[in-house]
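These notes are about the structure you will find just below.
Each chain gets a letter, A, B, C and D, in the order it is written, and its residues are counted from 1.
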Amino acid sequence: MWNFPILPESASSVAPDYDFAFWYEVAVGVFFTLFVLVLVLGLANRYRRGRQVDRSHPPTHSLKLEALWIGVPLVIAMSMFGISAVLYIKQFSPPGDAVEIPVVGKQWMWKLQHPEGKKEINELHLPVGQAVRLKMISQDVIHSFFIPAFRVKQDVLPGRYTEMWFRPTKIGRYRLFCTEYCGTDHSVMGGWVEVMSQADYERWLATEQAGESLVEEGRRLFVLNHCAGCHGENATVQAPRLEGVYGRPVPIQVGDRVEFVQADDRYIRDSILLPKSQVVAGYQPIMPSYQGQLSEEDLLKIIAYIKAIGNRPAPGPAAQPQYDADRGIQPAVEVPGYDVDKPPGATLLPEQTR
Amino acid sequence: MSVESPAHAAAHGAVGHEPSQPHGNGHGLVAHQFEDAPQQREAALLGMWSFLATEVLFFGGLITAYVVYRWKAPVQVAVASHHLNVALGCINTCVLLVSSFLVALAVAEAHRGNARKVVQLLIGTIVLGVAFLGIKAVEWTADYHEGLIPFAANWQIPSHDLEILAQRGIDADQFGLYKLFWVLYFFMTGLHGIHVLVGLGVFAVVAALVWQRRRSKNFANLVEVTGLYWHFVDIVWVFLYPLLYLIDRHGPGH
Amino acid sequence: MSDHPHTHPAGPASGGFAPVPPALSQTRRAPINYLNAAYSVRSWLLTLDHKRIGLLYLIGVTFFFFVGGVAATVLRLELMTPGGDVLHSPDAYNRLFTMHGVIMIFFFLVPAIPGVLGNFLLPLMIGARDLAFPRLNLLSWYIYMFGGTAALILLIFGGIDTGWTFYAPFSTTFSNTMVLPAGIAVFITGFSSILTGLNFIVTTHTMRAPGMTWGRLPLFVWAHYATSLIMILGTPVLAIAVLLIGLERLFGIGIFDPALGGDPILFQHLFWFYSHPAVYIMLLPGMAVVNEIVPCFTRRPIFGYKFMAGALLAIAVLGFLVWGHHMFVSGQSMYAGLIFSFLTFFVAVPSAVKVFNWCATMYKGSVRFETPMLYALGFIGLFTIGGVTGLMLGSLGIDVHLHDTYFVVAHFHYIMVGGSIMAFLGGIHFWWPKISGRMYPELWGKLGALVIFVGFNLTFFPQFLLGYLGMPRRYYEYPGEFQVLNVMSTAGASILAVGYIIPLIYFIDSLRKPANAGRNPWRATGLEWQTASPPPTENFAVAPVVTTPPYNYDPAEAEQTPWNPFQPEQEPVHVG
Amino acid sequence: MVHSADAHEPHIIPFRTNLAVFIALMVLLFVTVGVAYLDLGPLGLPVALAIATIKAALILLYFMHIRYASRLQWIFSSAAFLWLGIMILITMSDYLSRGWLNVDGK
């Protein structure tokens, strides 16, 4: 009963930095509180009624003193701001090697899926030392993904991707909470993050029924929902090929100008749900909308698949429209493939619906 | 802070002011808590200015929502706003400016104390206010028949706009952004309309009071304070008109 | 009226207490005052007298405080065990913590000190007969009571489960509780706050007694002036935000609902634009009371009057620039977070200035420890803890872990309960002789203060630890390892509940005794202490003229003069 | 007692001034409508807002007597618009700086 924890565990790469900044601010707080306490009790005792002590000409103002207790708190406050701002930037700058795990928050459960395809509800098994980058979205209200032991938290918004990263450094079982009030079972919408050694993690991966990997499942959905019918190899309909597209600027026709938009998750998700917006230059807006047919998880899987084929070399020139600075967009015609990576004069549209 | 009772107060005996009867001092009645008329007038004006500050921020919340929304979906806003009738809006602005002019004259006349002119000017303002609401009603019924009222059953995006937006590479009902313009349009003009309506009611009461107090000429403050409110309602429309009606009117396809 | 500092007008009592002008021939019969001027219910419900409206607010505010308090007690009982053993359903718990939040904030903390003490004392302190717009003052009381009863009825008949923050899209589309009626009740109650603020601003500007320049205004009036600025400039934005939530639910359109094109972060911006300055609406009146108590009980002019007044205005103005520190992890951009966190540290400086100036006021004073002073010292201590933990929540990186955990709950309870409510009780004790003409029992007063202080700390200090451990707020069930700290918190809450009942009892009991506390038992220097207590309806028999600076105390002289505030004044002075 | 100059003898605005202000307002109205039909590109909104601000200032200064009123009323009227500016500016600082970091949600 009495072995209850006073301090949380420190189990992620950013936790030590967090604890340093936290205890620094606690120290500043304790110092100021004790300073005020001593000042008040000391003065109250020394000058209490009845004590014979010099009370002549009590000072009623002193510019020096006022400057002192404006300047000193300001300097200390700025130091606190500096330290915590650096920590904040560190908390939200994911490293390159992070494994991406899609997370979907739904009223009162978390649905996660490993790249290898394993799906988990309210549970997350991770190898120690491997940085993880969570790409999160909510299906209904605002939730918030919080793992106290890793000192990280990020609200999960409906309609917009939010991101969070951490690198677990200690093997163990840590609690996961939802910290943005989301309705009836807000308090049970949590679970566990299980950090295991690399070997245990592989054994755990293998034991469970080896479901398809995220990418394979994405490919299956890609075919099942007739995406391949237009975007696949032997496509009869004239639709942009998706190989080598992810993460690169895509030319789109806006009025009489051609602008480029970054083909990131947001763009692909919008294109699936609302295909007639930001159509690729040189193509007709004929794609049907999948609004309401694909759940958030399926969307994330399809995006994972498109991301996987994103690094395959761009296919033959046949199916790609040729963009030429002066002659503008040419319909897809037998011309040597253009270089997707370095289009001339790329002007990126502001991320409007971010 | 100690109090020294002034010599003259002690001299003429101790009985303080009789509680809560307004004491007149020539210019007009002064409520018991005020010393004299200028103090009462200053208080009334500062009171109204504070109230107008709350109104500025009340409309401010809506304007902030409008600014954020217009930054998010500029093209939808431009295309949707082309359905608004600029001419009727312009007439409406003239009506309000004329009514503001009449109120300014009414305040000047009120200080000169001729009640008859004040009442005439106020009635003129009320007529113009009703005209303003009439024109708004005309606009809104036109919008209704076009199916542009978002919370009405017959809401549908005009096909004309669908093509323009598609041609500009934007899916009209992308997350309902097009519809949001009409939501904000009706909220802002509706809220402004309610304030015009309240203004008409207040002017009617004030006109009656001015006529009632025409002999004692004690209505200058009343007219001036309600005049401030009406000018504020006019200023709101001065900002609403360009923000809602005159967006990219030069572009093609409008 | 030349401003000659430190004159000591002749007079038996020390502390710049001028001889009472032999105004009223005080006959044997009890003198006419605002209490016994009329007894009919109509004279109370249609009163235009700011003092009576102050008392009406006191009744309303106390009622809602205990309603909110009962909700808090049940919450703490529920949280004694990890599972749901008291309420048996999360929905009931969600409705209960929302009721606790809405009632305590909108119907107790925001109106309490300005409505009760501000209404009662502001005209007295500046030497006016009444507020600038008495009818508006009564209207704001009626709006407050109407909004309050509407919210109470609605909370009983179904309540709302959105929390007092009404976050979209949960409040607009996913909550099927009575959010629209609650929004209307809050919208209406907002006008009570606006009208009170408007009244105070105009009164302070136009109705000061001759000689009462801005440099001689008591800091109580400065603080209420700053609070009124926030009430005027902040409340309308909450009104429009809540109105839009209501309209969204009514018409099913989406300004804040992302599925219909809106942005939930926009609601958070509009909401916190009011709600952060609102915490200063709740805090500044508390500072107002402490600004009056500390100089009186150290018998010494306040230290750094100009900086204290400046700090009050700085808090009010800077309070409007920092609302984004409630949204660091909500999807607000990182650069906006940096701006808000940077500005948040500037708001902390005026608060630090005030705390240090209060401490400096005790230097070379003649300190005495009656109940009001105990509450003031409690305020200074607990407000400092609340302030530094606020700094931690205002710093970006730290807030990521602590946001929406019990650390936040502990922080704002230290500021609200440890600060505002302590100051409110201190103020009621300090001015009770002026309000009712009677003194409260001192021993019971000190006991109550001690019980409240102990109960408060035992309730909320463990919550700091819970917060750092990561226990989220608004949780009906929580993991077992947090139970011990929660049990301590619940134990503290029961002590606190007892602590609050003690003053209620002895204040009501004190009304039975004869009103013989005398005109100025604490020998204080405020203008309100120059008139009779309880004061006549028109406040001052003779319009006061002010000649000396505020807080004109002298500690050395205070040592010589006898100090027995609780000894009733002898027979009222006979003057032919 | 604080008396502003204005409170003693309320300034009565002569008819000519009122008329001149009214005409100026009408002219500005037609200017703003005319400007809307010119292709100013990105300048369209700022110009419209500038004209609206001038019109509002005219109404404030003359029709609402601010020009002849005490400095106090001048402060009261401008404070409200200043706070509106604060709200819009800092709220937009969030929206404008989204996506700079290429980290979703930040």
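Basically, a residue touches a chain if its C-beta (ideal position, glycine included) is under 8 Å from a C-beta of that chain, and two chains touch if they have at least 3 such contacts.
Computed from a predicted structure; not experimentally measured.
**Q** Applying the contact rule given earlier, which two chains have the most C-beta pairs between them?
**A** Max contact pairs: A-C.
**Q** I'd like the most central chain, judged by C-alpha centroids against the all-protein C-alpha centroid.
**A** Central chain is C.
**Q** By mean C-alpha position, what chain is farthest away from chain B?
**A** For chain B, the chain whose C-alpha mean is farthest off is A.
**Q** Could you work out how far the Cα centre of chain B sits from that of chain D, in whole Å?
**A** Here chain B and chain D have centroids separated by 14 Å.
**Q** Taking each chain's centre as the mean position of its Cα atoms, how many Å separate chain B from chain C?
**A** Here chain B and chain C have centroids separated by 34 Å.
**Q** Roughly how many whole angstrom separate the Cα centroids of chain A and chain B?
**A** One centre to the other, that is 45 Å.
**Q** Which whole number of Å gives the spacing of the CA centres of chain C and chain D?
**A** 36
**Q** Note the residues in chain C that touch 2 or more other chains, in rising order.
**A** Residues 205-206, 233, 237, 258-259, 265-266, 269, 331, 334 of chain C each touch two or more of the other chains.
**Q** Find every residue in chain D that makes contact with two or more other chains and list them.
**A** Residues 1-2, 72, 79-80, 83, 87, 91, 95, 98-99, 101, 103, 105-106.
**Q** So which stretches of chain B touch two or more other chains?
**A** 39, 42, 46, 50, 53-54, 57, 60-61, 64, 68, 72-73, 174-175
**Q** Mind pulling up the chain C residues that touch chain B in the complex?
**A** Residues in contact with chain B: 9, 11, 16-18, 21-24, 48, 123, 128-134, 136, 194, 197-198, 201-203, 205-207, 216, 218, 232-237, 239-241, 244, 247, 250-255, 258-263, 266, 269-270, 525-527, 530, 536-538, 540-552.
**Q** Under the touch definition given earlier, write down the residues of chain B that touch chain A in their complex.
**A** Per the touch definition, chain B meets chain A at residues 72-73, 166-171, 174-175.
**Q** Would you mind writing out the residues of chain D in touch with chain B in their complex?
**A** These residues of chain D touch chain B: 1-4, 6-8, 10, 12-15, 18-19, 21-22, 25-26, 29-30, 32-33, 35-40, 44-45, 48-49, 51-52, 55-56, 59-60, 62-65, 69-70, 72-73, 76-77, 79-81, 83-84, 87-88, 91-92, 95-96.
**Q** Which of the residues in chain C end up touching chain A in this complex?
**A** Listed in rising order, the residues are 90-91, 94, 161-163, 165, 167, 169-170, 174-175, 258-259, 264-265, 298, 300-307, 328-331, 334, 337-338, 341-342, 345-346, 348-349, 352-353, 355-357, 359-360, 362-369, 377, 380-381, 384-385, 388-389, 391-392, 395-401, 403-405, 465, 468-470, 472-479, 481-485, 555-556, 558-559, 563.
**Q** If we count contacts the way the header does, which residues on chain A are in touch with chain B in the complex?
**A** 159, 252-255, 270, 274-279, 285, 352-353
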